[in-house]
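Below you'll find a set of structures to go through.
Shared between the two complexes below is chain A, which has chain B as its partner in the first and chain C in the second.
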Partner chain A sequence: MAKAKRRDLARGNAIAGYMFILPFIIGFVLFLLIPLVSSLYMSFTEVDALGKQGFTYTWIGLKNYNEVFFINEKYVPNLLTQLKNMALFVPGILVFSFFMAVLLNQDFHGRTFVRAVYFLPVILSSGIMVGLETNNSLLSSMKDLIEADTSSVSITKTLESILLTGQSASKFFQYVIDLVNQVYDIAIASGIQIIIFLSGLQTISPSMYEAAKIEGCTAWESFWKITFPMISSMILVNMVYTIVDFCTKSNSDLMTLITNTLYMNFEYGLTAAMSWVYFVIIMGILGILSFILTRWVYYYD
Partner chain B sequence: MTKDGRISFWERNRKSGGYLLRKRIGEYIFRFCRAVLLFGLCFLILQPLLHKFSISMMTEKDLYDKTVINIPRHFSTEPIKTAWHYLHGITPFFTSLRIGIVVGILQVLSCTLVGYGFARYKFPLKNFWFGCVILLIVVPAQTLITPLQLLLADWDFPGIRGVGILHLITGHGLKLTGKEFAYYVVCAGCAGYKSGLYIYMMRQHFRNEPKELEEAAYVDGCNRWTTFWKILLPGARPMMASCFLFSFVWWWTDGVYSRVFFAKGNNWVTIANALNGLVENMGHDMERIMGRGYIVPAARSNQILSTGTLLTLIPLIVIYVLAQKSFVESISQSGIKG
Partner chain C sequence: MKKIKAGRQPNRSLAGDIGVGIVLVLFGCFFAFPLVYVINSAFKPLDELFVFPPRLFVRNPTTKNISDMFLLMNKQGVITFTRYAFNSLLITVVGTAGHILIASMAAYVLAKYRFPGSLTFFKMVTVALMFTGYVLAIPNYLIMARLGWVNTYLALIIPAFASPMGLFLMKQFMESSIPDVLVEAAKIDGAREGRIFFTIVMPLVKPAILTLMIFSIQGLWNNVGTTYIYSEELKTLPFALRTLAAGGVARTGVSSASTLFMMILPVVCFILAQSNIVETMASSGIKE
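So, the complex of A and B:
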């Protein structure tokens, strides 16, 4: 009797679960499955886009993948640099955005204004805003001139050379200096993450902090014992987003290589193969990292 | 003791063995550092925009004047008027606003539902479907858009190379490109731009909510739907607000999806497209007036482009300031966690 009831409940839950995710299933099957599959299929074919009947596909098996890994001299090195940069930047962006979100969550004068300013990178790094100035060919040629003109002298360069020539020169210093040099890029790249962290922080109940304070918790302790565990699920979101965002940024060498293969050489098959190798690698990285972090992320269930 | 019977600060400090003063000083140092840091980073972000702002207030003559750096010598609203003209006035603003709001609401609602389903229910093939969500996050829109366009030009189910139910019945598929409602359907089906991310955000949010909340609701006689709608949805408001915000912003500046769904001939109707074509538009116009071969000077086209960019930014900032209130208000409504 009790067993049957439990089975009923499980079935009811399964049905309810499917009802909840139904919009996704419908949208995915109707609109995204075919594009995904056809792009995957393309990677095993040679595509003739300039023929008379539109696109014609010829099955050539793994030849494209062979070219990606063993023939194309740029792909693998670019991929490795990209992954190295990712390992460098993603932790930086995550720490920076978390730190900023904690600061912006505090109460101070002009908070709305500062928050609005930190929202600007979200806009400036999205959609057409990225390429607006570089699309204008005249402007971009001028920009190189201007940059060459202004970057000759700087205090930070001198400081950097002093720090690096001293005895304390180490890999860690190099890492910090790399990050500091890129602080504008990091600030621009972490707008979304700051907002995700902020909204995560807002869902933590103040009564928890109150209770902790009454028990004699210092701010430092309640940060690590309350804020950090409660926000950990959002750290996972931000990690996934940051990795994907960093990897699919259209101005990296690898993405330029992929788009050039498409738009300059019209090699659809090869482009698809390059993209899919890349996606699979990113998904693998995400899978491994999520697997490691999920054990440590605090969930109620 | 002071006159009204309250103990003065120094008195209290002495009694606490100097702790109060140390604490006060520490607080001030912290505040000072915070202010410096926030101000510095704000400046870093704002500087390029301030520059855009200052050149959008100049006359063209000031652009070539080397002594003018940030503060214009001759103020002028002419660049704003010109940029406004080449952005086609108010119409694209309203079109983008209307579509953006509908798209945002649809995306947030559907993704919240799906995220809740993934967070709380166990069902067969769950991992497979979630893998599809992750795939959706990883595969960039640029990769998907060409095959999607091909599919939507002659849409059918299943739709592989023009074979499907509609072709069997009517002989041809549906043409969904260039149709506004088609994009709404796509968004409601969580297939819009970055829907995967919103699903993931909502799932993570709901997984972090205590189960006791729902159990209490079930005991009190709520069914699964009312539990979701009445108990969990109010607590999810900050997350939903940020999803909406992202959805709106990404729509506002989107140049990929709008080309598929909102192109009418060669006319782009959204603000993103208007901004993208601003310089070209002006170039053609000036060529017509000044004669063939005339090229707009780079400084001038940069000025108009900057002005146009600023104009398109303003509505987004207003929306952000409105939406960020809901980050703050939501606590008082759902502070039961823990």
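So, the complex of A and C:
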């Protein structure tokens, strides 16, 4: 009797579990999975959207992919530039946002205000701003302003030439200098990441730090032994987010190429093929990185 | 602005505090720069907007841009400004609330239970994060057409519910911040799943919810939504403002004003959410 009742409870829980996840699954299948699969199918076809009976598909096999890799002169170079930029930016953004989040998590007056300031780029860089950019000189003049301000004096340029003439410049120096030159872009791109790290930092229970302090732990030690492991899952989240955000940003050359193919040339099949190649490559990179990182992420239980 | 607290911790040096302050101010300037520029542009008269090299600060501030914006908006047609604002607000509020609820429910199950297919499903969600949106536009439209949702609010609201980013964030967050022991204890005390979820899990992940809320508001508030919406009375505020701004060089002032206007809601939401996040997450509810 007791056993039967327990099984019922377990089954009830399982049903509750499925009820919890069902709405999401329906939405996911309907608005992401089905479109994804049909776009994969379309990448093997020639889509005629301007015909009389709506959309017509003609199967052309790998012709679109052939075009992507061997005929289109812009796709492969753009893809490589994009990947190179990603390798430069993503670690930079992660380190920067982690650093800023730790600073912003400290207790000081006006903290709310400062945090709000750090969130601004997220608001500014998305949606309406990007949309208005095409019609308005605001962003372009902003860029001119920045360039005009920085072209005359450049500490990094000088430093770079000193290091290069001193023969001590390795690839690493080059990397650091590239990062410093891009610091504005990095700062602007890390608003969301800072928030994710911040909310992660706030879930760490203060009693842990207290206990560590009583045991004689210094701040430096408790940073590496408490903060860092506790936040490691958020590092994974942020890495994924940063890569996705960076790769789907609409202002890169590659994305412009893809959008133009769609909206200017109406070559839907080709656009789908281009996107799928890009998608598979990013997925591969993310897969490898997540695989490495998950082994090292610490889950508190 | 950045006064250092008088009662400093004994192991924190003054030099360190000053260093932190300097770094914060320095990068804060970076972050604030675009905002300062937008605010200033919104108040610049037309001739000042085209000065080369561009100036950051406004010389002769004017509110003409803003009054022009409202004037043009109400002149444009039968649809008033408030109607556009209402459309955007409705989509934002309903979309955000639904997204948070549905994504956290799914995330809770994925984070705390193992069932057949749970890992595969989560992997699929993560993969879907990476796909570029443009290509999905046409298949998505076909689905909306089949559902009969074209030209309704539903076409903008419902897809927002199932956005994979929310599930991803919430799942990772719940996994790391809710101890299994807590859920088990609640179960032993006889709580049902619904109760565990609403009274234990949701309050504990409040920072994540607020983060997600900011995300979602941000995305939906800026939704132009012209792909699915044709009737003028259902169109969104960003669409209306963009149409205004597209009026040519003479509208540059108006478009700066509208950029400023669109920023108000996300910034206010962030500041409100921010002050709520602070210190609510003091403890994970468990004493070892």
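Just so we're on the same page, the second predicted complex is superposed on the first by the 243 of 301 C-alpha atoms of A that agree within 3 Å, B and C clash if a C-alpha of one lies under 4 Å from a C-alpha of the other, contacts with A are read in each partner's own complex, and residues count from 1 in each chain.
Following the convention adopted for this analysis, contacts are C-beta pairs under 8 Å (C-beta built on N, C-alpha and C of every residue); 3 or more make two chains touch, one makes a residue touch a chain.
As the structure is a computational prediction, the values presented were derived from the model and not from experiment.
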Chain B and chain C placed together on chain A: clash or fit? clash
Q: Identify the partner contact of A:D107: answer first if only chain B is touched, second if only chain C is, both if each is, neither if none is.
A: second
Task: First, second, both or neither for A:L293, with chain B first and chain C second - done: neither
| request: Report for A:L88: first if it touches chain B alone, second if chain C alone, otherwise both or neither. | output: neither
#### Entry: chain B versus chain C as contact partner of A:T218, first or second or both or neither
second
Note: overlapping chain A surface for chain B and chain C spans 13-14, 16-18, 20-21, 23-28, 30-36, 38-39, 55, 100, 103, 106, 108, 112, 114-123, 126-129, 132, 135-136, 138, 142, 183-184, 187-188, 192, 195-196, 198-200, 202-203, 205-207, 230, 233-234, 236-237, 240-241, 244, 248, 259, 275, 279, 282-283, 286, 299-301
Listed in rising order, the residues of chain A that touch chain B in the complex are 10, 13-21, 23-36, 38-39, 55, 100, 103, 106, 108, 112, 114-123, 126-129, 132-133, 135-136, 138-139, 142, 183-184, 187-188, 192, 195-196, 198-200, 202-208, 230, 233-234, 236-237, 240-241, 244, 248, 250, 259, 275, 279, 282-283, 286, 298-301
Seen from chain A, its contact residues with chain C in the complex are 13-14, 16-18, 20-21, 23-28, 30-36, 38-39, 42, 47, 49, 55, 100, 103-104, 106-129, 131-132, 135-138, 141-142, 144-145, 148, 183-184, 187-188, 191-192, 195-196, 198-200, 202-203, 205-207, 218-219, 230, 233-234, 236-237, 240-241, 243-244, 247-248, 255, 258-259, 262, 268, 271-272, 275-276, 278-279, 282-283, 286, 290, 299-301
The answer for chain B against chain A in the complex is residues 31, 34-35, 37-38, 41-42, 44-46, 49, 110, 113-114, 116-118, 120-124, 126, 129, 132-140, 142-144, 147-148, 150-152, 157-160, 186, 188-191, 195, 197, 199-201, 204-205, 207-211, 224, 228, 235, 238-239, 241-242, 245-246, 249-250, 252-256, 272, 275-276, 279, 295, 298, 301-302, 305, 309, 313, 316-317, 320-321, 324, 327-328, 330-331, 334-338
The residues of chain C that touch chain A in their complex are 1-5, 11-12, 20-21, 23-24, 27-28, 30-32, 34-35, 37-38, 41, 49-50, 53-54, 56, 102-103, 105-106, 108-110, 113, 115, 121, 124-140, 142-143, 158-159, 161-162, 164-165, 167-169, 172-173, 175-177, 179-181, 192-194, 197, 207-208, 210-211, 214-215, 218-219, 221-224, 238, 241-242, 245-246, 251-252, 255-256, 258-259, 262-263, 266-267, 270-271, 274-275, 277-284, 287
